[in-house]
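Two complexes are shown next, each including chain A; its partner changes from chain B in the first to chain C in the second.
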Partner chain A sequence: MNKVRLIIGLAIVTVAIVAASVLLYILPLDVRDHSPVQPLRFSHKLHAGDNGIHCLFCHSYALKSPAAGIPSMEECRACHLFISPNAPEIKKLMKYWEKREPIPWVRVYSLPDFVYFPHMMHVRAKLPCAACHGEVATMERITRSASLKMGWCLNCHQKHKASIDCWTCHK
Partner chain B sequence: MKRRTFLQLGTIIAASAVLDGCRSKNEQLIPYLIPPDEGVTPGKGTYYASSCNACPAGCGILVRVSEGRAKKIEGNPDHPINRGKLCARGQAIVQELYHPDRVPHPLKRNGPRGSGAFTRISWQEGIGLLADKLKALQREQNTNGLALLTPHLRGTLAELTSRFMRTFGSTNHVSYELLTPDLLRAAARRSFGHPSLPYYDIAETRYLLSFGADFVENHLSPVKYGSAFGQMRQGRDTVRGHFTYVGGRMSLTAASADRWMPAKPGSEGALALGMARLILAESLYDSGALAANGLEAKKLLAALDRYDLPRVTQLSGLPQGAIAEVAREFASTRPALALAGEMVAFQSNGPESVRAVHLLNLLVGSLNRPGGIYPDAGFPSGPENSFAELLALIETMHGGNVKVAMIHGDPLYSVPPATGFHDALAKVPFIVSFSSLLDDTALHADLVLPDHAALESWGDVIPVAGTREPVVGLMQPVVEPLFDTRQFPEVLLATAHELGGRMAAALPDESYLELLKGAIRKQAGLEAGVDFEATWVDLLQHGGSFKGKSSKLTGYRWGSDAPPPLPEDPDFAGDPKTYPFHLIVYPSTAFYDGRGAPYPWLQQLPDPMTTVVWGSWVEINPETAAELGIGFGDLVEVTSPQGTLRLPAVVYPGIRPDMVAVPLGQGHGGMGRYAQGQGVNPLALVARQGTKQQPAWNATRVRITRISGKGELVTAGHPQGSLRSELVEI
Partner chain C sequence: MEKMTSQYRWGMVVDLDRCTGCGACVVACQAENNVAICGKKEISEGRNMHWLRIERFWVGKYPDVRARFLPVLCQHCQDAPCEPVCPVYASYHNPDGLNGQVYNRCVGTRYCGNNCPYAVRVFNFYNHEWPKPLDNQLSPDMTVRTRGVMEKCTFCVQRIRRAKEDAKSENRAIRDGEIQPACAQTCPTDALVFGNMADPRSRVAILSRSPRRFRLLEHLGTHPSIYYLKGGGREHV
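Coming up: the complex of A and B.
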């Protein structure tokens, strides 16, 4: 009797472990924060939306480099020396500058190392930034709107008749 | 709490902890404080053409730089030496730039020599210290008290150093390298009347006969000759060139051959003459070539009378049939090419043996012919016996006549102790090292004035023995200097300015770049009115000037007063009874003469023949090993008349039973965390016999004893001949 119980117990444990492993494999384990809290309450709605600043004004490398780039501290400061210098968040910015420390922004969109994603090719193909990044102009804090999974990439590539050769992205 | 609840809770906590581990965190996005200069686009690489100075071959390189950092080095496709190819040592020089143990600023010794206790000083103080010592020498009218020891320099830097020493009034200027091809130059001088190195047209030859020249790994210009070898084997539709290798140890080059002839060390010259005699006796020689060189077959045959087949068979230890067969093949296949390399040159009878190989080329009409041998036009004249100069310097230092020694490179590592260099250097009261890592020499220096890394430096690199046209490669800095270092020539210029007077007048240039540009401008020979800046930018963009005017050198011709080569019997240090084995020290594929050792990429590179990674080893023939009871990976003691070393044994079928071989390059006392304490330096075993002023690194005898089964050998696989399986594996 005891032996049977032991065997059944062991079987259940084995099945549970296998099931858990399978689940771990299938489950979308991308539990990264889609809308992380940033060290500074920077508002894209205010900059890109209300004031209508073009994306490429700050993310100026998107046209010519794989990386879109983020503005340097000096560039933030250059404007905000004159524009609302007394706002609490701007004061925080100036404190960073005085300490000669960069702001540790939290990255929202990131791709694994084995994916080659060039911003410049997508911008040059006249793909709007919002196609991947969502309606940034309405967001107070940036929220990731795309899954960034391979299926999502391929869907768009097929729709736009872009190459779906493996070597296009995995090189 | 019930037991059941406790277990449930425990499981939940454990599971959530595990799941939390799978969670990938959001990365950070760090902005620049101040945007980079115009021309730097984050995420995009810029390619700079430069030149490699990791060995004398002087290949052209392209460096990918992104965000101001050098990321990857490849060969420059336009460069006539390497045509876009590059060896592992060249690829690894990016690690010189980012080495964690680089000397970041000038240092002054504050402890006993060799202790590595230094204090930081400023450049002004450093150059001031050096200048004070030199001024003191000037005051005492003892300008010969200054010695400068460098590797073989070429181009503008050579010109600058010799001008510095000449103007200062010192004759103690020695350029020395362990693996210098001096003996090839000396042999060419005796045979052909001018000391140019050979340029081998391997790509076009049909029969290649190498006497100990490992051109795939390190002989003269390995990238050039490696790809030419590929061309010779597979580049032609109808011909696959035949390759025979003569030498007691199977190197990577020997392993690529069709036939391996493990001749006794020191007998290679006699073997070449035996073949020459057979070619003459059977009238297989090129009579036109003989006549053009002013030689007569009859006279030559008479001069080589001693080298009949039975005697050569006995001297070389090779089967008679094989020698005759190779000689006939060599003479009847045209074009045929014979090379002589370090294995031959570094014997006691080296120069004459090299000349014997020259004679073989002459007999089959391969001088100045496609598929044959030409004089190298890149750097036609150079030192012919820098070893003798080094010995003279050691003598002077020993006598206490050198007060200040300025040293570039690491002679404490690369000069064999048998020369007495170590004791002599200890007698020099003030040693200045220009090393960028604290190598053995820098550790013993009183003042360290660190040089830039190659990727931060300006320079001209003249390739050795790789072209028939003069080629000048340019080095340019691809990144901003990382530390407070200064390029060696800049320090010389600054010191000259500090000394003032004649020195400042002789070296008026403000910077080395200015001097270099002036030299290149002179070479370019521009007409008046042509904008040099544009030419300069163009040269930098392409990596140098590759369209040199065709060489003024006439081809090789046997000198009218050149005697026939007659190598004496090889002479070895050590009594054959006490020391039964010949020791061969060969340049390792990864480290060359040791300068590659500080780079972890090269430390991780398994040796291509034995698959050993890290450390040193001694190669022993399986027969010998069985006799001595030595197994693969055992710790053995190698004793020569000069010294004793302990290292693991590799049982290696590709070596003569009466020979053992140890690779060069490891066993540094300093040179950063990756080189320090790895393996042993086999130069400690090399002995000198007699008073010969000749670098006979392969003329030492040793004995071997087994110490224990724990050699701690690491191999990347099961090499051929592996007798034990319990090796550490990676």
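Coming up: the complex of A and C.
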């Protein structure tokens, strides 16, 4: 009798462990917000899509530095002094300017500290921005479209015969 | 033994005749690579952090005693004892002949550190903090290593990476002397020379053919990438 109980108990424990591991494997562990609410309702669809402004016009550092950067408020203001200066979101922008405060944008694409990602090398390799950032020109609010996992990076690196040495990206 | 998949094989020459033991390289390394600052407690436990140390030897008999110095950093062995013992491949060999350490992969078994005959790997026994305002000098090009991770000299791989990017965008090879690790850059007597060993005309390759050359613990067959030039010409050693 005891033996049977022991066997049943062990079987239950084993099944529980297997189920837990399967669940852990299936569950999406990346629970970060893919499309966080931004302080200003900046529309990439309007700027990059309808008006056809090139990504590098505002994110100009992507050409020459590891970080693509966000444009300075001065750059936003330079255009919007003349283009629809009375829209409510533009007025919000001007308030930040008058308060001499940076706009607290919420970061959507973030990499861990131990990863080195140079934007300029990817731009120079003629990789389109949309390859990682998705069709930004159709997005009202930026949504992260890539998993940013190492396997995702490596797939592309292998396909394009880029370096897959650990120290190329890990620091 | 060696697999050459790259046109570079980084190496270093340390001229012991030039080394004055000033320790500038040690400080430069610490500043460049976010190497933790350790207090009395950790040092007394033998757990202080350094990627580069200067060993001091006393030579001769009183009154003719001289101090001799030996800067010891990761030798970037071509047959590295640290690599095959890592169970998670955090310690690996890079195509450029560098002995890599991937911090986010390291699980802290310390096998590599125990197997290193040069004792140049250091383990983060504690989480380290940089008291203000020292945290402002942390380099964004390097990870701040957490507790439980083994770390070591990388030949300032962030500088190598940057030079490679510059060279690639100008479609050329890296020039001799273009890369200087922090220690070599700081050395006031130019005792440390870094360069591409695979190029026989590079400064480091020419120096490494000097008759004064030797490598640390050469009999172990680790084939280090660092050549030392024997010093003490005026001494009776």
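Observations on the structure shown:
Here is the rule we use: the second predicted complex is superposed on the first by the 143 of 171 C-alpha atoms of A that agree within 3 Å, B and C clash if a C-alpha of one lies under 4 Å from a C-alpha of the other, contacts with A are read in each partner's own complex, and residues count from 1 in each chain.
Keep this in mind: contacts are C-beta pairs under 8 Å (C-beta built on N, C-alpha and C of every residue); 3 or more make two chains touch, one makes a residue touch a chain.
Please read these numbers as outputs of a predicted model, since none were measured by experiment.
The superposed arrangement places chain B and chain C in clashing positions on chain A.
In the superposed pair of complexes, A:Glu74 makes contact with chain B only, with no contact to chain C. In the superposed model, A:Met121 lies in contact with chain C only, and not with chain B. Contacts of A:Asp33 after superposition on the shared chain: chain B is touched, whereas chain C is not. A count of residues in chain A touched by chain B and by chain C gives the higher number to B.
Legend: residue contacts after superposition of the two complexes on their common chain; A:Ser110 is shown touching chain B, with no touch to chain C. By the touch criterion stated above, A:Asp165 is placed in contact with chain C alone, chain B being left untouched.
Working note: chain B versus chain C after chain A overlay, options 236-244, 470-478 or 506-514, clashing stretch identified as 236-244. No residue of chain A is contacted both by chain B in one complex and by chain C in the other. Only residues 22-35, 41-44 of chain B touch chain A when the two sit together in their complex. Only residues 24, 29-33, 36, 61, 64-67, 69-75, 97, 100, 102-108, 110 of chain A touch chain B when the two sit together in their complex.
Contacts from chain A toward chain C in the complex involve residues 112-114, 116, 118, 120-121, 124, 165-168, 170-171. If you check the complex, the residues on chain C that touch chain A are 92, 94-96, 98, 100, 102-105, 141-144, 154, 157-158, 161, 165, 168-169.
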